[in-house]
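Look for chain A in each of the two complexes below; its partner is chain B in the first and chain C in the second.
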Partner chain A sequence: MTDDKDVLRDVWFGRIPTCFTLYQDEITEREAEPYYLLLPRISYLTLVTDKVKKHFQKVMRQEEVSEIWFEYEGTPLKWHYPIGLLFDLHASNTALPWSITVHFKNFPEKDLLHCHSKDVIEAHFMACIKEADALKHKSQVINEMQKKDHKQLWMGLQNDKFEQFWAINRKLMEYPPEDNGFRYIPFRIYQATTERPFIQKLFRPIASGGQLHTLGDLLKDVCPSAISPEDGEQKTQVMIHGIEPMLETPIQWLSEHMSYPDNFLHISIIPRPTD
Partner chain B sequence: IPCSMAGEEDFFLEEKRFKQHCEEFVKHSQQIGDGWEWRTSKDLGDGYLSKTHFQVRNRHIPPDLKEKTDDNIEQTLLAHVEESLDDSQVAGVCTTEEVIRYEYHVLYSSSYQVPVLYFRACFLDGRPLTLEEIWRSVHACYQDRLQEGPWDTITQQEHPILGQPFFVLHPCRTNEFMSAVLTGPWKHKRHKNYIILWLSTVGPVVGLNLSLSYAKVAPEQNSSTVPA
Partner chain C sequence: VDVLLKAVGDTPIMKTKKWAVERTRTIQGLVDFIKKFLKLVASEQLFIYVNQSFAPSPDQEVGTLYECFGSDGKLVLHYCKTQAWG
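Then we have the complex of A and B:
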């Protein structure tokens, strides 16, 4: 039991060393030094980069600054995806630190959602939690909570307070004693190569005979190309929080222990490095 | 019954039924030529309804109002072309006619088991409308509900099939009002097309109206039930 709780902490406190560099075409009054930061895997770019913004705005004129946005090797980074997901999906097999380019102009309207205030992040985060509970509990648990409980989930994330967050979140991880798991598992599978941003389907954690479905069962059902045939070479990696869980892992356990704070399992399918 | 019931109060639309009702919907749309079509995604075979239309808006900026504005808020009154001004007003008003291109998509949410309305809007020069402009353009009779909880009503989200930013009318309360429509004294309405019932209710909030002829659409298998 202690081991399982450790997983919750390891997931919460995961960090990615990142180097932020100002885009070369931005107009500055002095040279802009890169800014180094340890990013929480479980948070969102626009929630944790106030210091980055301040650092670069110091060398820029007010009129040259509009909405900040981030890019990695030409790809605009979706702030509404958790940081750990973005890293796993785009940069997991490259050398650290993760090099992100910072922009203050030419916001890519066709690719990125706007994020003018923390309210936008909170609304997005809470919408994800509500959707996850619709899948797990037909929204019964989240709807029974008071507004202050919802606020506590957000404040816990915003202020990096594990205990504060989990005091409420543990209720979202419970299920009736007569069941052996959630109604459906909240998950999304991402592949950088597809136009479709992610795959999300209804998937039950328990089979009709009562057996626990595994990660492998989920992939076979929803994204069979991710698991290549036994005789062939495994061309892809299945990554969650920077690790490759065994395909035999029960999906119910993964949902309870390796979901992001939004209560979703965000799974990346990436090319296996060929070194 | 075309829709499945999960408990007395719950009214969920299964994905198969969603597709069937959309098919029916498109058939009628083709008959009356109002532009709806079904788009299938290449990879997974799911799909959505789609329609594009243009709206002309008149921007009246009376000079005295300009002085009253807050520094940060641009006062934009969106008025219909029919509105007339008397001579004294005409002299001071600058009118810009703007054409806005609206694109509406109806997708299925497996999480909430309801349809969801996605939309985006831009001026002809390509400039997209901001969330604030969209909130301002919500029909007057829905503004109270919007002010109560703007973040629960219309927000910007990623389109789950195209991956691009769209505005979305939140689905979590759809079940509430659809249950009210489809149970109780309106039980006979259950044979009707869910998409038509739903879209005729939520569409007007964001400027999307359906021709009254849709009210007459009934599923082909419904020969034994007599509509009231």
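Then we have the complex of A and C:
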């Protein structure tokens, strides 16, 4: 049996092989070779693509370069969503490597947030952690931490330091002994097919009778279309970090072990491949 | 969704504090609205906070925030020209 702590490591070190290609309409002085990179599932596009930017800027004229943005099959990729979520939602059942197109012009204002510096990513990351703790602990744990602890969470993510990150994050995964879990579970459910950005609601990990709520319970409550009737074909996949956890898994366990570093469970509901 | 806007620090106070906002309105949309109402320049920054603890992402929908963080039938948002709660 795998130790629970191994799950934390597996989640942290998950990688997606990606091929970055420059958009054909970008003006270059020489031919732009594609750039290959293993992307960390738990990180953010603009945090880990400095090398990609440098690679393509080498073949472009200075004046043609403005803010970089990424697109997959026509869909602008939101840098403020974790990479693993973007892949699971848009490309999980396609052949690897993941082919991402790089743009330097015509920034799609309506679809994407700007990301002028790493500070923007840090602010977004910390805001998500704070929101998650507001749900889990009424913000008590995050507010009791010092600024340097907050900084350590960010530095751990930025520098891919698992131990450094979890030294602080483990406190965010604790709960009072008299409770059996968090107050509410921080989760977001995404579906590529709907108009809404995501579903996020209040959901308790423990039922009034004391039983642990499961992933299936969560879905039944907030997204019943994701679970098809008893028999019959399951038309959708419920995916977290590239796998389909069993619906019987307690949601409290999932929250503690399979959240992203921002402390949210980002869940993708995607069509099941037919072959 | 009923939203109650509270000013922080020396940020100008809105004459009307209570607003009915569509669920699908984003935080960015709300920011733009407040800026217009307070006659702030577009380039001036405005920060919005939920529960005086976190700043939601600009693309977050007010309806979702209300469901998760609303109380007494309304969502209380604090707004500030400078960063208040980080």
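In the analysis below, the second predicted complex is superposed on the first by the 273 of 275 C-alpha atoms of A that agree within 3 Å, B and C clash if a C-alpha of one lies under 4 Å from a C-alpha of the other, contacts with A are read in each partner's own complex, and residues count from 1 in each chain.
Quick note on the criterion: contacts are C-beta pairs under 8 Å (C-beta built on N, C-alpha and C of every residue); 3 or more make two chains touch, one makes a residue touch a chain.
Since the structure is predicted, the reported quantities are computational estimates derived from the model, not experimental observations.
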(message) Once both complexes are superposed via chain A, do chain B and chain C end up clashing or fitting?
(response) clash
(message) Going by the contact rule set out at the top, does A:175 touch chain B (first), chain C (second), both, or neither?
(response) neither
(request) Please indicate which partner A:23 is in contact with in the superposed arrangement: first for chain B, second for chain C, both, or neither. (result) neither
(request) Considering only the touch criterion stated at the top, classify A:162 as touching first (chain B), second (chain C), both, or neither. (result) neither
(message) Just checking: does A:119 make contact with chain B only, chain C only, both, or neither of them? Give me first, second, both or neither.
(response) first
(message) Touch test for A:131: chain B only (first), chain C only (second), both, or neither?
(response) both
(message) In the overlaid three-chain picture, which partner chain does A:200 touch, first (chain B) or second (chain C), both, or neither?
(response) both
(request) Name the contact category of A:107: first (chain B only), second (chain C only), both, or neither. (result) neither
(request) Decide which partner touches more residues of chain A, taking chain B and chain C as the two options. (result) B
(request) Identify the overlap between the chain B-contacting and the chain C-contacting residues of chain A. (result) 78, 80, 113, 123-124, 127, 130-131, 134-135, 139, 196-202
(message) Quick check on the complex: what are the chain A residues that touch chain C?
(response) 78, 80, 113, 123-124, 126-128, 130-131, 134-135, 139, 142-143, 150, 184, 196-202
(message) Quick check: in the complex, which residue numbers of chain A touch chain B?
(response) 78, 80, 109-114, 119-120, 122-124, 127, 130-131, 134-135, 138-139, 186, 194-202
(message) So in the complex, the part of chain C that touches chain A is made up of which residues?
(response) 50-51, 53-61, 64, 67-69, 86
(request) Under the touch definition given earlier, write down the residues of chain B that touch chain A in their complex. (result) 10, 41, 43-44, 110-112, 128, 130-131, 151-152, 155-165, 170, 172
